[in-house]
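Here it is: the structure, laid out below.
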Amino acid sequence: MHDCRHSPSMNADRDPEWARMAEKVRNWGRWGEDDQIGTLNHITPGAIRHAATLVRAGKIIPMGAPLNAHGPQGAHGLRRNPIHVMTVDGGDRQLEQLAKEWRGPTEQWVADLYEKAPGRFTDDYVIMPLQSCTQWDALSHFFYDDLLYNGFPASSVTSLGASRVAIDPIAERGHITGRGVLLDIARHRGVEHLAADEVVMPDELDAVAAAQGVEIRDGDIIVIRTGWYLDWLARRDEQSWAWQAPGISWRCAEWFHDRNTAAVAADNVGVEVMKSEIEGLWSPFHMLALRDMGMMLGEIWDLEAIGADCAADGRYEFLLSAPALNISGAVGAPLNPIALK
Amino acid sequence: MHDCRHSPSMNADRDPEWARMAEKVRNWGRWGEDDQIGTLNHITPGAIRHAATLVRAGKIIPMGAPLNAHGPQGAHGLRRNPIHVMTVDGGDRQLEQLAKEWRGPTEQWVADLYEKAPGRFTDDYVIMPLQSCTQWDALSHFFYDDLLYNGFPASSVTSLGASRVAIDPIAERGHITGRGVLLDIARHRGVEHLAADEVVMPDELDAVAAAQGVEIRDGDIIVIRTGWYLDWLARRDEQSWAWQAPGISWRCAEWFHDRNTAAVAADNVGVEVMKSEIEGLWSPFHMLALRDMGMMLGEIWDLEAIGADCAADGRYEFLLSAPALNISGAVGAPLNPIALK
Amino acid sequence: MHDCRHSPSMNADRDPEWARMAEKVRNWGRWGEDDQIGTLNHITPGAIRHAATLVRAGKIIPMGAPLNAHGPQGAHGLRRNPIHVMTVDGGDRQLEQLAKEWRGPTEQWVADLYEKAPGRFTDDYVIMPLQSCTQWDALSHFFYDDLLYNGFPASSVTSLGASRVAIDPIAERGHITGRGVLLDIARHRGVEHLAADEVVMPDELDAVAAAQGVEIRDGDIIVIRTGWYLDWLARRDEQSWAWQAPGISWRCAEWFHDRNTAAVAADNVGVEVMKSEIEGLWSPFHMLALRDMGMMLGEIWDLEAIGADCAADGRYEFLLSAPALNISGAVGAPLNPIALK
Amino acid sequence: MHDCRHSPSMNADRDPEWARMAEKVRNWGRWGEDDQIGTLNHITPGAIRHAATLVRAGKIIPMGAPLNAHGPQGAHGLRRNPIHVMTVDGGDRQLEQLAKEWRGPTEQWVADLYEKAPGRFTDDYVIMPLQSCTQWDALSHFFYDDLLYNGFPASSVTSLGASRVAIDPIAERGHITGRGVLLDIARHRGVEHLAADEVVMPDELDAVAAAQGVEIRDGDIIVIRTGWYLDWLARRDEQSWAWQAPGISWRCAEWFHDRNTAAVAADNVGVEVMKSEIEGLWSPFHMLALRDMGMMLGEIWDLEAIGADCAADGRYEFLLSAPALNISGAVGAPLNPIALK
């Protein structure tokens, strides 16, 4: 149906080096033409068993930043901060009187319960862009040349959601769960956080891993700490934080590809550096990772606690349990990832 | 501030046996007067280390039911099914032309990106009651006599959310994660699912554990399978599914208390049976578990895969990773719990 | 840019009579190729002046059904009932104590205000499909053969909203306001309401107008009462109400066209009868009215009070003020229409 | 039940002059102890008949600012800008293929329709704080000393909404509709707009009315133009616009009371000046108007077109049709008010 593994790309003309990289790392068809999980195929039962052996201290270290009105999203854009509202709260104790005069079955139901019995409940809603805070990008979150990962057409993503490479095929496998490896770039450089324009190149990934004494294995979930989340906490400037951020170079795609990396997460808004690396190519690493490799990206993870813990015990590997919320057809999903050490 | 551990209860007059149970299982002050996590205190580093040793096959088994428009919530109540909407989809490829004529900075930003570079993204929102599907009840979800767990006042739950015993103190510890034990009541009874009015008594919990050959330990998260989720899948009747459901008796509270259980989850809407067990006491187990014991409840978990897997290998214990979404001030939270075996 | 006034239609082959009607009533280009308001062009300053002279008793008669959780939308569809939630309510009086310990600037702001001054406020949100209750369909709500009214491409309606023939060009003119004429079909037939399958043909519109003694004029907004809203109030069956409803025939399109009608509203969910009139053509009147004529449709209007009032005084004409909520890019809009008599 | 017309006020001690004003303008009980519409009682049938006679040119002048992502609300507060999202758009034309593989009844319904017939529809949602843009404050929006207008308890406003003095008793009367009078303060002062701290005193209201040659009558809806909306359009600074705004003094309460004014609207965020006029009393005019007088306030109205029109023809009076959206239990409501001249 979608035999387009070697689709001619309008991008090739723009930057030949990037185009050669795209060609090299493209995993389309590698796990079958119906594959919807991409590089998560690298996470084998053996990898999970091994990851569980890393739980030695019995510690849980969460990486989910709080979902509330005070996050890094702005006032006007497509993405806003989460809105949390109560539908019943603890100040509604006179509900039994009031609801009697009220108008509908729900309120009558509440009133009846409250009149005959002492139990009281509270309830709430959330309204949120799925990528407003700590999240996974689904493979369907990014595309070019009208094609998603594995050659699925971009038109698979309609107003009803994504019918291909959405969050649900991932969530229904309990992913992303496996061995996590932290590469603490900021600590390795000896800085609180990288500056807004700073880029991380592939050789620095090697250098950090070596300095930390951690081996990279097939099926790893690589977690990159730039320290940029501290900049959010310090300045809380939603007008600049997401748009001027340090991160990795698109040139790292090959590094992940060669090491059979399963996924990459970071403490900034887009894993990659926000500064344009190639004139005329916006988000070049997203294009390679999500669309060509089929490798999911985790964004806005709070890596302060895990960074401190790894530095303290010298162990930069852990069981990472980061299952996406199972939202049907979603192109991203919030989550609360945890490291078990 | 809240020295009300032995508060006189208006409920005592209603049912003396229930009141004695409440007195017995009440954990207020047990872990300090500021404690906000209740029986999760039973999950020690040792318990987590032990749970990790249960990961032997390298399998991940998810328990999160899909979050979409087709769930068990009704048309009119406080709780509705999740609403998932796209803010940018794959059919918006002509955006670069259209957005030029458009009115605001966001659209201009999209138009500019699309004009100069081939990358395309998609994005989405969710609008949902936090307890519309697979979820944890926070301790602040239920109370009586104006007091929450540990004696915190019910007025702590305002329109702004819960400032005490909310989801965030749990989520910020990466909980609930530990050893999970499945008690498969339906399979033990040899039925597809329990009937709507059937109740599970404490001695049946013992009998099932014994028959399954699983030992109950301190800090366990007990997962109860009634098979009722199959009734949802079979009939998809949102008018009755949640309101007529089998489940455990309030009398099980003591059983959990005696075994230092950390949390309880089930595949129905409220863990406990919906049929009234005590005239004049609505949700008697919720009152005991959430408010008196400080023990969180997991609801609407899809236990079909884990049930089949445990029956197949005879091992009813696993590492359960079920971290709540970190929504500040929430009284409940959606999640995608996973079992690692 | 869009010279497609005589576009060959895939529909012509399906039903030649319908296709001839479409050809006849199509107003594309009639008011210029950039026109976005269609038959509202029939509402002249003279028509408005005349409508104002109909205000003789000083009465206001509203036609907006209540927006709340108990409307006619179902549990699972694209359209649900409105969700109204409070963000601050009257039970939050202890907010000044609690918010001090809280986490963000908003809450601090509330706490500061509450601490220093006695004023208290309440606040709320609504979450709603724009067409969940009393509403106008924008011209961009319906199309066929990839073209909207006046030949604008259907791709004008992206995830960002409609950039052509949306609600805003209407709302920014204060429309729809003009002379309203009630045609009370149910009262004329002497029934409480039409039965679910009953259709209103053009000659009945003439008969009702004649019997009511009301003249139809250029630029009128014709309001059709079938009584079907009473069926909602009586049975409150969201599973059938919207899907089995009486209404007008697509053959009435010509009647409105010949009389220079500005807009049509009714007390059912789609103005036209829900029963299929032509095999293979779903919503044939919507196709003609919104897409070919450029004539907006009002739906789920509560016409009980206006029906009773017109019957009482024998005057079926009034100043109708029905301005759409000014939502940018919307393809429909809720409103509270009023008749002034 | 609520015989508290002369409630001792904790405010009296704070500012005796303000307290005397509150005592003077308090209308509790004036229209019966069950009255929920306050000063709208001043709008008589005669007043409406008279207002209709003001429609002489056949012009409609709307005053609803656009509801979209680009309004004056901020990124973090209780109030955000409206979120408009499409649930079906014009790029979803391949839905008939995709939806077949999809998962639920709604999608099947769309797919079936699309397969058998050429009609296509689009649909959308809005998510918005009810007071995020052009709006009416309900009387239940503000209170002090635990009492709402007419002595209703503040606890009438629960998480379920307001059961007293909400928007619905107003909307169900088709209000607010009557004679509108524009007092164009900015034009009278000869400035584009008042400066952020400037206050309008009662004598200036008299002076402007006199200069404009307009008589104030019982039941008028007074519309105050400060020009401040131009500051929004010019600077679009959501961080300051709403919080530093010119407006009327609380001392004007008496002026409105003496003239039997029905309601007051303005082009700023709160009608009254944002600068504190009385130490220790936040929003002193809101307290008087909404709670004591029972007089509703309209906010964030776009008065630029009506201002220009009145200046051009010298007529500052019109039929104002400003019916609130009929949201059950709401404490505010969006609308698109129109002037008919």
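We just call them A, B, C and D in the order they show up, numbering each chain from 1.
We take it that a residue touches a chain if its C-beta (ideal position, glycine included) is under 8 Å from a C-beta of that chain, and two chains touch if they have at least 3 such contacts.
This is a predicted model, so every value here is computed, not measured.
Comparing the chain pairs B-C and A-B, the larger number of C-beta pairs in contact belongs to A-B.
Note: centroid distance subunit B to subunit C, computed from Cα atoms, is 42 Å. Rounded to whole angstrom, the centroid-to-centroid distance between subunit A and subunit B, based on C-alpha atoms, equals 23 Å. Among the residues of subunit C, those in touch with two or more other chains are 66, 68-70, 76-78, 83, 85-94, 103-106, 110, 125, 127, 155-156, 158-160, 328. If you draw each protein chain as a dot and join the dots that touch, every dot ends up joined to every other dot. Touching subunit B in their complex are the following residues of subunit A: 10-11, 14, 44-49, 52-53, 55-62, 64-68, 76-79, 82, 84-91, 93, 104-106, 109-110, 113, 116-131, 134, 140-146, 148, 153-162, 168, 171-175, 177, 280-284, 286-287, 319, 321, 323-332, 334-338, 340. If you check the complex, the residues on subunit D that touch subunit A are 69-70, 73-78, 80-81, 83, 86-89, 91-92, 94-95, 98-99, 101-103, 107, 110, 127, 155-156, 158-160, 163, 238, 328.
Those residues of subunit B that touch subunit D in the complex are listed here as 66, 68-70, 83, 85-87, 89-94, 103-106, 125, 127, 159.
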